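This report concerns only the one structure given below.
A, B, C, D, E, F, G and H are the chain letters, set down in written order, and residue numbers restart from 1 in every chain.
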Amino acid sequence: MVDDAPRVGIIMGSRSDWETMAHADNLLREFGVAHECRIVSAHRTPARMNEYAGSARGRGLRAIIAGAGGAAHLPGMVAAQTTVPVLGVPVQSRALKGLDSLLSIAQMPGGVPVATFAIGESGARNAALFAVAMLASDDADLADRLDAYREAQARRVIEDELP
Amino acid sequence: MVDDAPRVGIIMGSRSDWETMAHADNLLREFGVAHECRIVSAHRTPARMNEYAGSARGRGLRAIIAGAGGAAHLPGMVAAQTTVPVLGVPVQSRALKGLDSLLSIAQMPGGVPVATFAIGESGARNAALFAVAMLASDDADLADRLDAYREAQARRVIEDELP
Amino acid sequence: MVDDAPRVGIIMGSRSDWETMAHADNLLREFGVAHECRIVSAHRTPARMNEYAGSARGRGLRAIIAGAGGAAHLPGMVAAQTTVPVLGVPVQSRALKGLDSLLSIAQMPGGVPVATFAIGESGARNAALFAVAMLASDDADLADRLDAYREAQARRVIEDELP
Amino acid sequence: MVDDAPRVGIIMGSRSDWETMAHADNLLREFGVAHECRIVSAHRTPARMNEYAGSARGRGLRAIIAGAGGAAHLPGMVAAQTTVPVLGVPVQSRALKGLDSLLSIAQMPGGVPVATFAIGESGARNAALFAVAMLASDDADLADRLDAYREAQARRVIEDELP
Amino acid sequence: MVDDAPRVGIIMGSRSDWETMAHADNLLREFGVAHECRIVSAHRTPARMNEYAGSARGRGLRAIIAGAGGAAHLPGMVAAQTTVPVLGVPVQSRALKGLDSLLSIAQMPGGVPVATFAIGESGARNAALFAVAMLASDDADLADRLDAYREAQARRVIEDELP
Amino acid sequence: MVDDAPRVGIIMGSRSDWETMAHADNLLREFGVAHECRIVSAHRTPARMNEYAGSARGRGLRAIIAGAGGAAHLPGMVAAQTTVPVLGVPVQSRALKGLDSLLSIAQMPGGVPVATFAIGESGARNAALFAVAMLASDDADLADRLDAYREAQARRVIEDELP
Amino acid sequence: MVDDAPRVGIIMGSRSDWETMAHADNLLREFGVAHECRIVSAHRTPARMNEYAGSARGRGLRAIIAGAGGAAHLPGMVAAQTTVPVLGVPVQSRALKGLDSLLSIAQMPGGVPVATFAIGESGARNAALFAVAMLASDDADLADRLDAYREAQARRVIEDELP
Amino acid sequence: MVDDAPRVGIIMGSRSDWETMAHADNLLREFGVAHECRIVSAHRTPARMNEYAGSARGRGLRAIIAGAGGAAHLPGMVAAQTTVPVLGVPVQSRALKGLDSLLSIAQMPGGVPVATFAIGESGARNAALFAVAMLASDDADLADRLDAYREAQARRVIEDELP
């Protein structure tokens, strides 16, 4: 199913972000959501980014998950150039531990929204889950799988035991 | 059009959050998106919150915009009890200026996503715009209006003049 | 004595919090205070949490020690659903080192109190000590043991030697 | 009823903290809990503080609510000298808005607990509510009033209306 | 002299940034450096920004002073699309007082430099002074005026008197 | 010379602070300043602390160097009980890396001064150097050695070579 | 007595710091300590600063109180050029409220100490009190007045009354 | 080519900063820009620093890249004594991870500009790239190489592949 036309794009500023963004990829695979993963740097390949954003709607993307660290401009700049919903993942940075990434993504001015998630792996996973929830609005099968995922998640907590 | 069955719910922890959340209400009105506004406190009315979250999908809500300040638990706790996408708005708090609100909303653990927006008015407006973008995926008319909104916004910048 | 009906509940959002919360468990064991330890996730098992909070008073709990990290909603949401005193322990988070946990627990709005302790192990131990102090108000034996604990603690400082 | 032997002590580092701490005083009055209010400065009147802490248990205090700002040492230093539970209220400071107060109170080392509440008025009110909850453990009448307080609080939210 | 082909461009994300950026404009006027002022929003007018950046070198700009607040992407995104030196001015934001602006501008990844200055007016003035210093490298007259400016500045300190 | 009546006292809240405070001890040894090192905990041994502060002037101490971490109350509480100058060293804490220690020591209210130095080793060394500078005011030999220390320090920089 | 050769120098980076530093001036006047007040800017008048620092010991200064805000380099740079003890006062800055000032002054590297005090007025007053305490080491009369000051300060707390 | 009269100076507060600043050195070597590297400490060798700054223009330096950590005064103090553009690199500090370095360098008062770059390696590399861009204004060959560098950088992103 992952070979179908992608419904979600996962992009990231550099290859070093993959360690984080792979968690989004894994989750979409788990749900069988067709998607694509690309390195698209706002700063080093702005033309590529502009083109990616500009073609997203036409290519049928329903959401773009964008991860970046430090002065993380990728999510906001993609959002500036498409009305496809953009989900931003602040990658943990070396010095400031992702506080800079979080503020650079979350504090967007009114008019151009970016949905921001937690710093690091949790954020990558949750951005993917959020994309699934968005797609589930007109995909009853996916909605069922999301419900099942939530239930399994709760069950694992309940069955977990302390030492 | 606002009298139709609501497609978006706007909730907030207390009436004092209205000054911020009214910006989400205004934007949805501007786009003619049927929605509802409620005070639902995670801490003071947990039962009401649980019920709100539990009934959201059945009532046809496609997104819930939840604003809260300080130890802002409303967005995350609603998200824990529904798979309807939750958009969190950190309301600016008195002492820490919304940094506490932002972290309380954005730093969700993996498994339960909340899409977080900027602190304050910009965040409220952007959460509403994001909801519009979500609804636009299967509402061509709304998609057109969103494009027009973006264009008008750009035009206002271009026509603006410095003193 | 730990087999008696528990007087204190120790709960935590996930098993990974145990490394921190075990310090609360150890301290209550040391004082022979009957207690229970449970994984109760606000986000992944909200129903379980609601039930835990709702039954706490009836089951005779005199205090609930709740540990959580990141967007730490567990202490506040339990406190919203019981008048049993809730003691919150901010677990050290990966990126922001517990600053998010601390603010998410401490910055509760007026009306629903959570007693917050330090980030990490010190906080877990102190929450347990605080629970002991609360119970000591009508348990003279426990009060004596708390005094002895304090004295031993002071003695260890005094007997400690620098290299 | 406020003329009875005080069960709770409210202390603060300086008169300028009264604006904040009056919210604790008001709440205890509302519940009819006998209490006392004193200015006790850790830094300017350490002897008075030591004496206050040392005599607290003997005078029958069941909780001490201590408010202080900046390098806020009062709650921790009182807690160091009594096993009566100490509830710390970080008063909002001028430059750092109470972040310094919060960290100075919450980050106590293991062995000497201080229950910390939110910065400012909410914290003062919640510390008092927490004291009420502690006292309610052996005062059924107070427990009933606390339940009623919670219910009224929820009702006010439910009856509140947005513009 | 300000009517000559501009050697410096001053751009800003919105008209509300003018209050800050006017300090850069004033300083360049004071030095008689030909320059232009434009509203160019990275988020609301990305195409205009791309075009501005793309044409900067050809139009003879020697420096671009870019002011923005919050998730401040303008300086970095312009720098990504030109090798004309970009000087970033973090505009003071409402909630986080410019800390978000500062981190969004300063924490650029290796490969695309932005010279960052202080939050607010001082930063705007200093970015302009820095541009003057750059231009002075091959403009002896400007270099002399910069020396004179520095001397006058020192003299004002020396002649200033305390009450 | 270190066996003479101590002129400087080095105290710290716990033995784990020794790794930091040993840098103060080493420096005073290097200068041959008679001093003593003690573990004195504000929270665990308040009586010992009160006695230490109370006897400091009478025992001839000219400065007290006090190191502590987290909610670091030792320097301020000693300063509250003596007019011997107190030099505070914020020990790096586990979660917040000493930001809590720094604020707890530096943000003293007007009326009771604590001279604060940098977080960690640099702060310990500098507090000792500051004590040397204080003593040097009436000890010409020590003043000469301090000058020589500064000169040697500069020489080491000048002789140092980059790879 | 203030007309004698100054024993303490109060310097500040700009006239706008006077509002803060006047609290140091007032306190030294209250104690009758001969002192001088000067505007000395590290950045705008470095030569003047170097000369001030270089001549301080020879002119008999026993302490230099240096106030500065933002990137506050004055205290550290004076300390680099004299062994007269330097007491740094972080002036509250507009955007970051003095957090930048505090870190710029306190976080000195090992080898060149600056004694740092609280942000703003409290810090200015305490730096002056600390200078008095230093001078009191060989001035019995001043020592007595410092004791009296402390006692009066305590008495004012004790006599103060809550509403 | 590096043996020519240096056009850029790289200075740093201590040898331990070399690990960071070597990234600036490497980049200038890569571009064949004649430059020099020196240890110049603002605090430990102020005279050397003053001399370095004072002679910079006469020696033909077109830019000075200054790296420092903690209370990082080197860039600002050099900038105070020369009109040669100063590019500041905040070195990552041990406790506060470079936040102190960043604020100490970026928050300069109006009148004395320092161009600030990111904390750590990225900042060192970008400061060097910025110097190259400055020099490229009158060095067509260097401008071409800078364009080529940017293109190669973009190509590496485009050719990079995710696992």
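Keep this in mind: contacts are C-beta pairs under 8 Å (C-beta built on N, C-alpha and C of every residue); 3 or more make two chains touch, one makes a residue touch a chain.
Given the structure is predicted, the values throughout are model-derived calculations rather than measurements.
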item: Chain pair among A-H, E-H or G-H whose interface repeats that of A-B, sharing over half of the contact pairs by residue number; value: E-H
item: Between chain A and its twin chain H, rotation from the CA superposition, multiple of 5 degrees; value: 90
item: Rounded Å distance, chain A centre to chain C centre (Cα mean); value: 35
item: Distance between chain centroids, defined by C-alpha means - chain A, chain E (Å); value: 34
item: Geometric centre distance via CA averages, chain H-chain C, whole Å; value: 50
item: Where chain H touches two or more other chains at once, by residue number; value: 14, 44, 70-71, 96-97, 99, 106-109, 111-112, 114, 118-119, 122, 153
item: Those chain pairs that satisfy the touch definition; value: A-B, A-C, A-E, A-H, B-C, B-D, B-E, C-D, C-F, D-F, D-G, E-G, E-H, F-G, F-H, G-H
item: Chain A to chain B touching residues, read off their complex; value: 23, 62, 83-85, 87, 102, 106-119, 121-122, 125-127, 129-130, 133-134, 136-138, 143, 146-147, 150, 153
item: List of chain H residues in touch with chain G within their complex; value: 13-14, 42-44, 46, 50, 69-71, 73, 76-77, 79-81, 93, 96, 99-100, 103-109, 111-112, 114
item: Chain H residues within the chain A interface of the complex; value: 92, 97-99, 118-120, 122, 153-154, 157-158, 160, 162-163
item: Partner chain D, residues of chain B touching it in the complex; value: 14-15, 18, 22, 37-41, 44-45, 47-48, 70-71, 94-97
